[in-house]
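Structures are listed in the sections that come next.
Consider the two complexes below, in which subunit A is the common component and subunit B and subunit C are the respective partners.
Our next item is the complex of A and B:
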């Protein structure tokens, strides 16, 4: 994967494939703490396996496959950048919860990439899913949701450009 | 592949175009274009393939097809892939896609009605 936006896209795809109808994405930057955090949570059925199994690259819930690389690759990238990745149950939506964190200024942190394109792709091809995107850069917070998302994506572009 | 969005104006233009073409992605049409977006597909460039299909379908005025995404089809070496499903259930699976191939598929297959044999996955 070239950048974080592709890992994010992969995690969102997991939620869609699990049958989620509400998906909440969060990108949070705390410059003072040198922290970048990405979260995805949904109202799907939740992880059918233990968190340990979910992060095992040789474990997958997909029939006919022997590997499940998405979460483990994301974890590897986050750990390489001084962070980590955890999975569990969403307290707000009841489904799966994925949280990745890493050092904002860590030299091994992948670039943020085109988060707007990842969000736009999933919104455009899954009109039945209610997406919410919450962005935070210190005290500056932006929330994009539902049908207004395509028109408000420029706010997301401005956010990601500020981090480049 | 599709140009990267480098300014809010560019994205807004794309978003407005997508809104105008809302019909393209509402419900399932007679013809379904499904881009495979498992981990392998995403790593190979599936996101740009979706964007290119969106642009090309719109530019060609195709209103009888809807655009969807799904996961890995188990042919990771053929990613990025897309499956075109016709009303009668006939499926055409295209692999190793790029911007030019998507243009040809939209023009020849979805508009012209002739599958692009050279890009079909042979299994």
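Our next item is the complex of A and C:
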């Protein structure tokens, strides 16, 4: 997990595995505030445990595994980069909500990585899920649905390239 | 090399005397990294980890990778809840004022090797 796209992939996978049919992914950059924020929310059953338990590295929903590290490692990476991570219930979609924020220019912030590939992979392998992707870089905003991603992939790639 | 001998030679402070079964363990391999997903993927079973991270995640990763011990470099000390979890998981914790490079160099000289030696 040396870049943020891998953490993003991991939390989108959590939503898919929980049975969500709508997943909303947001990446927001505010350069003036030196801030980078990543959100994933869904319409799944929501967190099966308290937020505190969900961020416990010894808690997992996967059978046969003793530890669940995706969210815990993401939180640690975000905290190391001057930010944090919170989980809860999505006000818009009713399922789970994950929000990670960090200092855009913090020296300990992991690189963004191939976010376009992470999102594209999840959209392509889960055609039954309705994905919405919102990208913001200051005033520049792009919103696209999973079904239009093959045509609009250049917009996603352009967003990513502007940040790396 | 026994863990207790390593601890004595390197002058490590033991944080988990409650984990008594481990000090007799023979340590042949080690790993040094602060990126815990990397530790999870590459640290050798039964080995020792040298890291700056003192987060609870270290214990989860060490447990998953079945490490015998963790040495915290640069005098970094974990919180009590981290120590308690290590004891529950049977993982020995040590702290050293030395930096990672020097700790690893001394471990290597004592015969504790990496994955590819």
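Everything that follows uses one rule, which is that the second predicted complex is superposed on the first by the 163 of 164 C-alpha atoms of A that agree within 3 Å, B and C clash if a C-alpha of one lies under 4 Å from a C-alpha of the other, contacts with A are read in each partner's own complex, and residues count from 1 in each chain.
Everything that follows uses one rule, which is that contacts are C-beta pairs under 8 Å (C-beta built on N, C-alpha and C of every residue); 3 or more make two chains touch, one makes a residue touch a chain.
No experiment lies behind these values; they were computed from the predicted model shown.
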item: Subunit C versus subunit B on the shared subunit A, clash or fit after superposition; value: fit
item: First, second, both or neither for A:9, with subunit B first and subunit C second; value: first
item: Touched partner set for A:1, first subunit B, second subunit C, both or neither; value: both
item: More subunit A residues in contact [subunit B versus subunit C]; value: B
item: Touching partner for A:143 - first (subunit B), second (subunit C), both, neither; value: neither
item: First (subunit B), second (subunit C), both or neither touched by A:69; value: both
item: First, second, both or neither for A:127, with subunit B first and subunit C second; value: first
item: First, second, both or neither for A:158, with subunit B first and subunit C second; value: first
item: Subunit B, subunit C and vertex subunit A (Cα centres) - angle in steps of 10°; value: 80
item: Partner chain in contact with A:58 - subunit B first, subunit C second, else both or neither; value: second
item: Smallest separation of CA atoms, subunit C relative to subunit B, angstrom; value: 7
item: Doubly contacted residues of subunit A, that is, touched by subunit B and again by subunit C; value: 1, 6, 69, 73
item: Subunit C-facing residues of subunit A, complex; value: 1-2, 6, 56-58, 66-67, 69, 72-73, 76
item: List of subunit A residues in touch with subunit B within their complex; value: 1, 6, 9-10, 13, 16-17, 62, 64-65, 69-70, 73, 114, 116-118, 120-122, 124-127, 150-151, 153-155, 157-158
item: Subunit A partner contacts - residues on subunit C that touch it in the complex; value: 35-38, 40, 53, 55-57, 59-61, 63-64, 85
item: Sites on subunit B touched by subunit A in the complex; value: 4-5, 7-9, 11-12, 14-16, 18-19, 25-26, 35, 37-40, 42-43, 47, 50-51, 54, 67-72, 74
